[in-house]
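Both of the next two complexes hold chain A, though its partner changes from chain B to chain C.
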Partner chain A sequence: MAPLNPYTYIQCPCSDSASLGRPSDATSPTSAEADDEDNTFDPRAPRANFSLYPLEYLLYCEDCHQIRCPRCIAEEIATYFCPSCLFEVPSSNLKSEGNRCTRSCFQCPICIGPLSVTSIETPPSDPNLLAPDRAATQHSTYSLICSYCNWSSTEIGIQFDKPNSIHAQLAKIRNGGASRLTAKERKERRKELSHRGGEAAVAAAAAAAAASETSGGQDMDLETQFANLKLFYNSQLADPNAGDNGFSSLGDLGFSSPSSLSRIMNLYTGGKLHDPRAKSKLGAMREAITADEGLLEPDLDESSLISQLHRSDFLDTASSTQVCSQPPNLGEPHLHGAARFNSSLRPAPYLLRTKRSKRCPVCRHIISKPEAKVQTTRFRIRLVAGSYIPSISIRRLNLPGSNGPGAPAILGDLLEPLKPVHFLLTFKNPIFESLKVTLGAPAKTPGRFPSKVTVLCPQFDIDANTDVWDEALKDNDRESSGRSRRRAGTESQFQVEVGKIWERGRNWVSIVVEVVPASLKLEQGQDLLKEDEDVLEIPMFVRIEWEVENGGDDATTGSGRDKDQKEKRELAYWCVLGLGRIKQG
Partner chain B sequence: MSRRPPRGEYIETDTGNKVARKATLVGTQNIMLGGKTVIQPEVMIRGDLIRSIQSSSSSSSGGTPNNTAVAIGRYCFLSRASCLRPPGRLYKGAFTYMPLRMGDHVFVGPSSVIQAASIGNHVHIGANVVVGEFAIIKDYVRVLDETIVPPNMVIPSFSIVAGQPARVIGEVPEGGHEAFELRELYKTVGNNPQPALS
Partner chain C sequence: MSSKRHSILPAVSAGPKPPVHFSSSITIADSALLTGTNLITISSESVIHPRAKLDSLAGRITIGRRCVVHERTMIGAIGTSGKVTETAVTLGDYVTVEVAASIEAGNTIIGEGTTVGVGSKIGAGAVIGKHCTLTPHTEIPAGEVIPDFTVMYSNGMRRVDKRGVADLKNKGQARQIDVLRRMIPSNPAKFT
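Then we have the complex of A and B:
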């Protein structure tokens, strides 16, 4: 079993809808301790998974005085950039170019490693050309090569004439080397059609398609088909003569009604959800009947694919992860008979990444805001919970009386059932005010195997954090003052005393928690141990109180309060301490 | 890692570098240490792999050629048996090594091999990691144990990467920046190590 390092997860208040946005109620410390069983937070409850976070993942809203987690904050994208070339992509480009890098940054379709452009040394194939035309022989072609698995774009029959603007070149080549219509060319083609005028075009297209159906239909790729269909349905929507089909009583719900169609099309093309113009129109439309209108007859003869499968091995077929990392619709001929051979995979342009600011869900204030530039790592605003609430670190304490003589406790050691163990919890105060901490923990951990928990010192004060510069200056004598208590003797010389803190430092306090791990022996008829049911987790309610100077912002707002008056603040939250695994059997 | 070494295991320089006597530094004149860097036993740094082709400006002007093969910033920590090796490639038809640059607060885990072109500031590289030639790792990046970063890969800031080949599996959270600081770790090794903060 993997050793388990002790951990502390903190519950964000957003999981409790009642407390969202409100500072915690002023419950007295005693009531926190006497928390009845019903209110005890159960870290094993399935819902708990969604609200527990390590401290570093939590932010803090200074206006709500509350913890905020990745689940409840609202994100806003500040910058889009390519993770490979680190160039910023203006958001205007996203709409036209999509969410992938267009600057020749590609990932290997086989292993996702980065691809680099390499020239292919082609020996002059025609010796006659050698002497008279040197320029032609020096002309080399280029391919994309994976630096991890050595995959080359030549394996899918793709080579490039130039080492630059690979993205544009790739857009014009299908796997195997055949050329492919780009979006622009497709548009131009369509223009020819539309020049002939709306209604006439449809009729003309229908006539033309009848002739070209056999030739043009089958090599229509997905993008062309979609474009054709879109054009066709648009012309249908625009057609004022769409007749009444007798279902007008169904109104907008009719399957072939223009309004439901335009709604569906808007889903795919990202337009507005409802076209007001379509509302007035009712009636049926016909469906595409030719290739130019987007009709594609399925080719049900898959015998060639089947024989190809017979000839190839498992490794020649693409895995679902490989297929999923492919950019959509790129160069796919059409969906009918689409096979998943490696030879149909294409280099995948890198997906863009973002820098995001984060807002408090309640007051909408920004609580994290990175600098927009890609290359800088600075933040304009970064209100992390770690600078407002104490961190809790856990260490196993080895006391001769309790844990058997001599045996040194190592982190990750299994906990003996029914034998008391001591853990040292160190609370470190990050703020420049002294903190009053009150802890509450259920006497027995929730779940099938309750372990006994005793917090030996549930109430204590932690001194204020001092300035970073003071810290640096005092760096040397801190060792002598802050640590002398413990380092003077071995831990065994200390007595675990109820109500007394174990050790105190500049801005930290250590206390002892005694735990009697439950026995994991299963009685007859009991279900087997579930995953991680042997992990000893203690739910703990932490309540911190401190005082802040009134003034600063408050004074300028003219609240009329006394500047010298100190304001009391408090924050309370559940956290979970993962202490270790209990020995089985 | 924080085992207490016997007295004198490290050579401590004026700039605060702690270099284990059992580390192998080849071509020390080409290795630049920013100071306060820890180099544990069995670490190898290949300072001998210098550029064989000088950039045209420096070779023609007759000035002293820049032979830096490995440049390391402040508060870096090279764990036991890790290896720093400048990357090499063909340049205009000839093979040459290029310098390996490393910023401040870079942790390199045990038995990891680094052949990157550059590693930024505040980077944590786990154990048994291979960073391929000419890879670029930006600031605040965490590379988990056993990762293989392919040659030429660029890893943007605030990425958590893992896997073979490496892929970005997560983002370093806003509250996780301070964890990259190596000042405290620096104090826990050397000839007079201080105990780690609890």
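Then we have the complex of A and C:
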């Protein structure tokens, strides 16, 4: 079993159901504590998974004086940039050009490695390989090559004439090298078709449709189909007599007709059941029936694909992640059977990344703001919780008297059931004021196997995080005063005393927690041990109090009062201490 | 030759000096390590980088023409089986063995024009086809047979290379060797 390193997770108050339920008074300390006595936070509850974070993940709002977790933060995007070329993309371009890099940054469709543009030389006809190059005089074409796996865009029949503006060139080329239809060409082709259609009689429409299906329908790409459909429906909407064939009342019954849709919408929106105006305006519309109207019959004949599958390996087929990473390609034929083989995957332009700034959702103040320049990784504003609330580190404490001398405490050791163990919790104060800490832990941990927990010193002060050098200079005074680093007296040095702190330093305090791990013996009728149920986790309520000088930034509250008056601040939250695994059986 | 040792580690035991058969046009750095008891053959214009290790304890090692064997490679590693065969490792022509790759001994054959990527491991008795590409950190199990023109990915995926640029690649290799020959001081006399 993997050894377990002790950990401390902090519950963000945003997910506290008690404070959600009662908005105002739950935040006041007395009622919160009274409430928590009979409502201990259970770290094993399924919901707890979503609210527990290591200290490093948390931010802190200076104005609300509250911890903010990734769930209770409003994000806004500062810049978009390409991770490959680090080019910043203006957000206006995003709407027109999509969320991918439009420069020459591409990823290999097989292995996601970066692709580079390489010129393709004609194979040397000279058997002497070291003959001087004559390639410079030749007109060369270019392809995208993955230097990791040697994939080349020539494998899917794509070559480029120029080494620059690959994105624009690629957009025009279909797989296999055929160029994509431009809007102009499409128009011309349609004109041609309609010209032909005009010559034919209406009776021969079915035959024409069949003919166009074989000629135009097969290679109709998404773009052409959409354009055809749009044109068709526009003409239908414009033509008032199109559906007026005496069956309008019958046509109304169909679900696809616009009038019945509007009737259904009226039912929900509470309008009149029959809108006479709408009924008179919208007749039943005909659906597209030929290819040049945008009808595309699904190509159900997949025998060629199946035979290709027979011939190929499993590894030749594209995995779902590969298919999903493909950008939408409007120049492709229809989706039936698209991109199932590796051979039909196209190079994918890099997805853009973002830099985001984070705001407190309550007071809208910015908590974290990166520098706008893409190249820098610095932050302009970053209020991490680690510089506001004390960090808690856990260490196993082996007392020479009880466990035999010299038994070294190894982190990740299994805990013996029903044998008391001591853990040293070290609280480190990051702020420049002294902290008053009050701890609360349930006597028995929640869950099926309750372990007994005793916090030997639930109330203590931590000195301010003063300048290190000040402290060093003052060290002599400190020795003579009563606040020694370790409690004086050699005989009491290794004895755990209730109500006394174990050790204290410049801005840290260690206290001892005694734990009697539960026995994991299963009684009859009990379910088997669930995953990680042997991990000893202690929920602990931490309340910290400190005083700040009522400075200029809080001028609104302190305007009438004395400026020098100190203001009391407090913060309370649950945290979970994971101490170790309990030995089984 | 008598450069000062800067490492505090004990010197690697040189082992027995193997019989060698070198072409006159090869480039071999004098800090390359050749050990073993069987014949090591290096054909014309191949390049052996400094600190490449060739061990012929488990059989003969044959390196083809215009091969490049990079630093810290281990060719002819005695694998878990420890079997001694007549031929340990055979590299075809135009093979590149990149940095820190290791090729186990035991009738292992690497075909012409194949590139063995950085940190790859090839098991004993594997037969790699011609013009294959093994991407970095690929592991080929012992006895595996890889067909020609295969690209092996480190996650076990494979693909057939259809570029058909084998000649071009060989040409590139020849040019690279041309440069390397000027960069690496060769000292084949040390090993003969």
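In this section, the second predicted complex is superposed on the first by the 407 of 585 C-alpha atoms of A that agree within 3 Å, B and C clash if a C-alpha of one lies under 4 Å from a C-alpha of the other, contacts with A are read in each partner's own complex, and residues count from 1 in each chain.
In this section, a contact is a pair of C-beta atoms (placed from the backbone, for glycine too) under 8 Å apart; a residue touches a chain by one contact, two chains touch by 3 or more.
Predicted model, so just to flag it, every value in this text is computed and none were measured.
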Which superposed partner A:Pro83 touches (first chain B, second chain C, both, neither): first
Chain B versus chain C as contact partner of A:Asn398, first or second or both or neither: neither
Which superposed partner A:Asn465 touches (first chain B, second chain C, both, neither): neither
Chain B versus chain C as contact partner of A:Trp151, first or second or both or neither: second
Which superposed partner A:Ser510 touches (first chain B, second chain C, both, neither): first
Partner chain in contact with A:Asn342 - chain B first, chain C second, else both or neither: second
Contacts of A:Phe379 with chain B and chain C, given as first, second, both or neither: first
Which of chain B and chain C A:Gln66 touches, first, second, both or neither: neither
Which of chain B and chain C A:Cys111 touches, first, second, both or neither: both
Doubly contacted chain A residues - partners chain C and chain B: 111, 148-149
List of chain C residues in touch with chain A within their complex: 133, 135-136, 151, 153, 157-163, 165, 167-168, 170-171, 174-175, 178
Chain A - residues contacting chain B, complex: 55-59, 70, 81, 83-86, 111-114, 116, 146-149, 353, 358, 368, 374, 377, 379, 382, 384-386, 393, 395, 424, 426, 479, 483, 487, 508, 510
Residues of chain B defined as touching chain A within the complex: 132, 138-140, 148, 150-159, 165, 167-168, 173-176, 178-179, 194-195, 198
Residue numbers on chain A that touch chain C, as the complex places them: 110-111, 121, 123-124, 129-130, 148-152, 154-155, 315-316, 342
